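Attaching a single structure in structure tokens format; questions to follow.
Which chain is which? They are A, B, C, D and E, in the order written, and residues in each are numbered from 1.
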Amino acid sequence: MSDTKRLKEQILAISGVNPRKCMKCGKCSGACPAYDEMEYHPHQFVAMVEDGRIDQLLASDSLWMCLSCFACVERCPRQVEPAHLIEGVRLALIRQQNQNHLHAEDIPPKLNDALPQQAIVSAYRKYSK
Amino acid sequence: MQVNEKEFKPLIVAFCCNWCSYAGADLSGTNRLNYPANVKIIRVPCSCRVNPMFVLRAFQRGADGVILCGCHPGDCHYTTGNYYTRRRMTLLFSMLDYLGIERDRTRVEWVSAAEGAKFAATMNDFVATVTRLGENKRLEDLRCKKQ
Amino acid sequence: MQRIGVFVCWCGSNIAATVDVKQVAETLKSEPGVVFAADYQYMCSEAGQNLIKDAIRDHKLTGVVICSCSPRMHEATFRKTAAAAGLNPYMVEIANIREQCSWIHKDKAVATEKAIILGRAAIAKVHLNAPLTPGESPVTKRALVIGGGIAGIQTALDIAEAGFPVDIVEKQPTIGGKMAQLDKTFPTLDCAACILTPKMVDAAQHENIHIYAYSEVEEVKGFVGNFSVTIRKKARMVDPVKCTGCGLCTEKCPMKKVPNEFNLGMNNRSAIYIPFAQAVPKVATIDPAYCIKMKTGKCGLCSTVCEAGAIDYTQQDELVEEQYGAIVVATGYNPIKLDQFDEFAYAQSPDVITSLEFERLTNAAGPTAGTLLRPSDGKHPHTIVFVQCVGSRCDGGKGKSYCSKICCMYTAKHAMLTREKYPDTDVYVFYIDVRTPGKNFDEFYRRAVEEYGVHYIKGMVGKVAPQADGTLLVQGSDLIENRQLRLNADLVVLAAAIEPDASARPLATKLTASMDTNDFFTEAHPKLRPVESPTAGIFLSGACQGPKDIPETVSQASAAAAKVIGLLVKDKLKGNPCVAHSNEMMCNGCSSCEKVCPYGAITYVDKEFRMPDRTTAIRRVASVNPAVCQGCGACTVACPSGAMDLNGFSNSQIMAEVDAICK
Amino acid sequence: MTYSYYPGCTLKNKARELDDYARRAAAKLGVTMEELPEWQCCGGVYPIAKDEIATKLSSVRALMAARDAGQDLLTLCSACHHVLKRVNHDLQTDEAVQTKVNNYLAPEQPYTGETKVIHYLEMLRDVVGFENLKKQVVNPLKGMKIAPYYGCLLLRPSAVLAMDDPENPAIMEDFIKAIGATPVAYPYRNECCGGYVAMEAPEYACKRCNAINASAASFGAEAIITACPLCMYNLRQNAADPLPVYYFTQLLARALGVEEDEA
Amino acid sequence: MQEAMIRRAKELLADGTVNRVLGWQRGEFVYDVTPAVFASPDELDASFVYNDFCGANLSKYLVAESRKEGKVLAFLKPCDTYSLNQLTAEHRVVRENIYAIGLPCEGKADVEALKAAGAAGITGIADGGDTFTVHTLYGDQTVAKADALAERCANCKSKQCVTYDELLGENGAVQNSHRFDMVEQLENMTADERYAFWQGELSRCIRCNACRNACPACTCEKCVFDNPQSGIANTAPADSFEEKLFHIIRAFHVAGRCTDCGECSRVCPQHIPLHLLNRKFIKDINELYGPYQAGADVAARGPLTDFTFEDCEPSVVHERGVN
């Protein structure tokens, strides 16, 4: 099996998403509040994973822009769950050695008095392994 | 009957529904697709006409294998008949298996009127399977044995 | 003991080349009961048939076995031959020694041996055959059409034109259905009322048509050719004979705040009302949920002003029973409710409307007299966004998995008409796919784009956000431009999926007609019998069978009418005699057979029996209606006692074949 | 009515008021909140990946503790509620997760999602009842125009969270009415505030919060209420010209007359 | 319990609710009880009995009794109520003519097992929770229930009365039983072992028809085995085929309708575990078509008169288990 294929299968397995269910209506991207921040948009994640163009996604900042707000999951008419797929791609990256997006040492300078613990815990959970 | 004593030729009874599988069998004839002559077909209006009694009767009288063929689920001429067949035969076959009777002696296959090739292939395969099993001993009635 | 004749066909060399036909005839001649055996080159030829006929007469045959090609080929031929010689046609059995023997085997010895066995099986069966006569049942030459929309009206008109009486049962106070609510029709843009209302009038005035408006089907008994239907005529509180439809009562009625369902609640009507000007019958109806007199006992104004004296507050529902030979279902569709899709803010803003509401907003008889105005403030909208596939093509629980089929075209129509009438409006259509298969349909859609400048955007709307300034911020994707569009719209129109009318499921139960999981009626065969239900005598017209536009609905309506006419012209229906029958002495009355019967052919009766000890007992026993039974045999296996058996394929016949084969 | 209560880490620290007001109001309403002994952080985010087990265990421990106490599990922080509810749903529906979790924790009685997770707002609506709550209000917040802010965590995915209509919810609006104030309807009440990027990319979070804040203000809101400490932080810190933001429990306590410490 | 039952029966006879009582009659020995109909208080006093030997399922008698004049009082154990429901669903009884009193049941004793446990000269029995106290001519003896319960009671599926007009005592609940364990054991044997097992069991069949005659699902007006026209009528287990044919067809005829009351095995004089055939069907139905308990719900559609489009194919038999 090629690396791309293996990567794709890994992403599909951990996300539980079947991109073939997508009918390319674009409602996910129509609903997405992070759209403008993203180079690749939710519907493109679905299409590109299906198509095996995963390297481009892994290299893109779009990975870190998804807010996991589940608007796309809620509204997708085909129950594709794009946010879960994006998480799958994100995990495919950060589960690799030295690919953490957020490092413990980066955190102290970002702190301020009002910042709730929750923000630190969740960002750390979300962006690192 | 003049059968070579050494070579075991199983007797197969095939129940075929009139609308799909019997027509499928006709089609395999039309296309000259061979299958062994020891397959004998009984025409029934629908696979759901086949009573478990008939299956047992065939074994009793000396059949070595019994196969039911019907329209594919969803295509039944009577809309729902084969769905009942499916449940009944699943349970019957499971019971035979539970009693230790070789599970490969019974089969249900869905064959449409267009599937002449499938009909022939199915029969060839079934005959081969039953030939491997040998004579039906576990559901035989000694009184019905040929002398 | 039967006197059986065996006839072995050569079929030229088709059989004779691989099967020793002489040996087959000879061997079978010594089977018990066989008194005659012959072989011939072409048994189906005239000479061959004469051979059979002569043998039947000369040898006083009571049963005939033909060893030939498949019964699917010539069973009917040989049955006719037997009948011509005075033998009951069901005393003929075919042994298939061509398709299932000579054509698949090469070794002559093997094929001959098999042919003999197949012949024996047929002989064994014939021994147990009994003469069968197809049952006959009379046909009531009257049809019932359930639903008075364009489908029901067209079917009724066609049947009536052929000379048969037809009744239409419509649950609303008027016939007309959904089409009466539409403004224009695609792709010709002729006005819906202009083409529908004449048909409504035709139906009302046709001597062969009787309309039961404001009525519902209560109960259906019987079977093809002989249905007995109870119709509930709901109380209108108005005598339809006396009412002249002058409308004075509706003007004088003091209760004027009733949401007008004809305009989808976008304006109000009075408690006594006539749904619309061209209603048929044009008779007033009192809405008891709002009528002051009905609720408090005081008022009675309508009665005072009615010169015809048609108002009757004491009127009760009335049940009538009618006999029919055929029933046509034409119960139509409705747009789905949109509570599951409030990302489009339908519940949050009055300016988010459905396409059917849009029809009323552009209809001259609608709440705005045909001027397109926003429901919220009555202002003219300048930017309109249409959203396609709202609830259609949805997987999972929220919407419908199917394509609603009509939305692409009516949206193109709405967009085009808007641009034509109000050139200062910007019109956007968000679509997933534009589906326009149909005569002149794609051309129509292209005209909307090319001539009328409608903006078609490939993509779906993700959210509609009502703004403080009264506009609607529509956020959706533009997949071609790879951008997220945000449009400030004045009006958003949702193409809601359509679903079968809620009355369809209970009706299907009454009719024992089958439905799919979406509650659309199932056709007997999707290609070969598309306008018939699998239940004999029940026919399907219009959107009750699946989403359809008007041209398709009318075609199907006429097709259903043709099928009904084909049934009603017959004086008697001849059945297939190979039907199930129940031995009453053995029947347990357990209902197993009834449950598996796909045709509702089995009913139960309580019958008095003389018992062996000279007492009498009432027992519940199954009774098969031979006119409805199609002979599948599902019941025979469901029956634990073996009381249920099948003519022509009886338990003993099949077992005799098994025995003969296994001998 | 007695609940097992899961406060979560932020409520012990930066969001003490959210917890404190909730407890006071509950006492007034006759609801007992028994904080789970030795609860652990829920992790702050629901682990979406199908193969994540370890990150779900802390939630399962809390769920199991409530089950063993024979009580429903009450939550307050939106994030904790989201995580607990979804992990619980996994345990109810996903056999693989069920097996792995139970193998790992080896509890005396296997846990298969028996606990009912209920948010404080749901408790107010479904157990106390908003009509009943209204009767107990001593200090109605008359004339106050309040914008409810749901965010994303309480509502989606609705098939699992099942709190309210995900697109047109009413629970906070009804709550606002019950405490005597006027709810302000605005379309961004269920839009994400950008919580996860609040620390990393505050300028991005700003955009989201501005949109929400401005939308609420445009419809005449005078204040915003939330159930989430992170939303609260974001809306206060990362919106231009921010409206006052309150925890809904604070206004609840105020309406019930228990906002000020009695001691 | 017996006194309470007699008292209530007399009341119902007296107030005209019923005109006869279906219950158990004492026989020569205390464990020798037979179903009987009592028409008067005197008859009740004389011979009505209820004890831990009253295993017989009375519901089948209602097929005939409920068609007679007037209402009949029937005492039904939980098992029996399932059968009554099933018979009601199949229109075999006239439910309106039955006044059913549901009885709680903690399991009935198997007298053979008691004897095997050493009890001789049995004169009485009392339920002691986990034990039976057996009164004998030689004094009382305590036998653990685990050793003395009928198999069907040891693997009780339900202590809940599912239909009744009144209850004597508390209603129980559906049990989490291990009734399919033995079926599973058999399934896990090889085909040869299974064949040997059943050959050993079924070859003992003497075709006395007791199983059929006791079975509340076997109420056909005319049984196929008694009908020369059916093609399978026979009266003796002439050879191993006939033994199998009879039991397969019988199990198949009651498949989806058998409530697993265990009467077949209880009455078999040859101690053939016939319930294992019925349970195989029940287990298959539960596993393949979803849990179904015949008799639990009068309105339920039986699994063999029903289907789904997604049902498994018969080839599932070839794909699972041990060959």
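Methods note: contacts are C-beta pairs under 8 Å (C-beta built on N, C-alpha and C of every residue); 3 or more make two chains touch, one makes a residue touch a chain.
Keep in mind that what you see is a predicted model, and the values were worked out from it rather than measured.
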**OP:** Would you pick out the chains that touch chain A and also touch chain E?
**Re:** C
**OP:** Quick one: remove chain B in your head and tell me the pieces the remaining chains form.
**Re:** one piece
**OP:** Please state, in steps, how far chain E lies from chain D along the shortest route of touching chains.
**Re:** 2
Subject >> Most widely separated chain from chain B, with each centre as the mean of CA atoms >> reply: D
**OP:** Would you identify the chain whose Cα-based centre sits farthest away from the centre of chain E?
**Re:** A
**OP:** Taking all protein C-alpha atoms shown, work out their mean, then name the chain whose own C-alpha mean is nearest to it.
**Re:** C
**OP:** State the pair with the higher C-beta contact count; candidates are C-E and A-C.
**Re:** A-C
**OP:** Find the geometric centre of each of chain B and chain E from their Cα atoms only, then give the gap between the two centres in Å, rounded to an integer.
**Re:** 36
Original post:
In whole angstrom, what separates the CA-based centres of chain C and chain D?
Top reply: 51
Subject >> Intercentroid distance (Cα basis), chain B paired with chain A, Å >> reply: 54
Subject >> Per-residue overlap in chain D, given as positions that touch at least 2 other chains >> reply: 167
Subject >> Contacts with two or more other chains, residues of chain A listed in rising order >> reply: 71, 74
Subject >> Residues of chain B whose C-beta touches two or more other chains >> reply: 52-53, 57, 80, 84, 88
Original post:
Each pair of chains that touch: what are they?
Top reply: A-C, A-D, B-C, B-E, C-D, C-E
Original post:
Which of the residues in chain D end up touching chain C in this complex?
Top reply: 165, 167-168, 185-188, 215, 218-220
Subject >> Of all residues in chain D, those that touch chain A in their complex >> reply: 8-10, 13-15, 41, 43-45, 47-51, 55, 77, 79, 152, 155-158, 166-167, 191-192, 194-200, 204, 208, 229-230, 232-233, 236-237
**OP:** Quick one: which bits of chain C touch chain B in the complex? Just the residue numbers, please.
**Re:** 70-72, 96, 98-101, 103-107, 109-111, 113-114, 117-118, 121, 514, 522, 534, 578, 596, 598, 630-634, 636-638, 646, 649, 651, 654-655, 657-659, 661-663
**OP:** Could you pull out which chain C residues touch chain A in their complex?
**Re:** 343, 389, 393-396, 398-399, 430, 432, 458-463, 475-479, 482, 484
Original post:
Which bits of chain E are touching chain C when the two form their complex?
Top reply: 67, 90-92, 219-224, 227, 229-231, 253-254, 301-302, 304-306
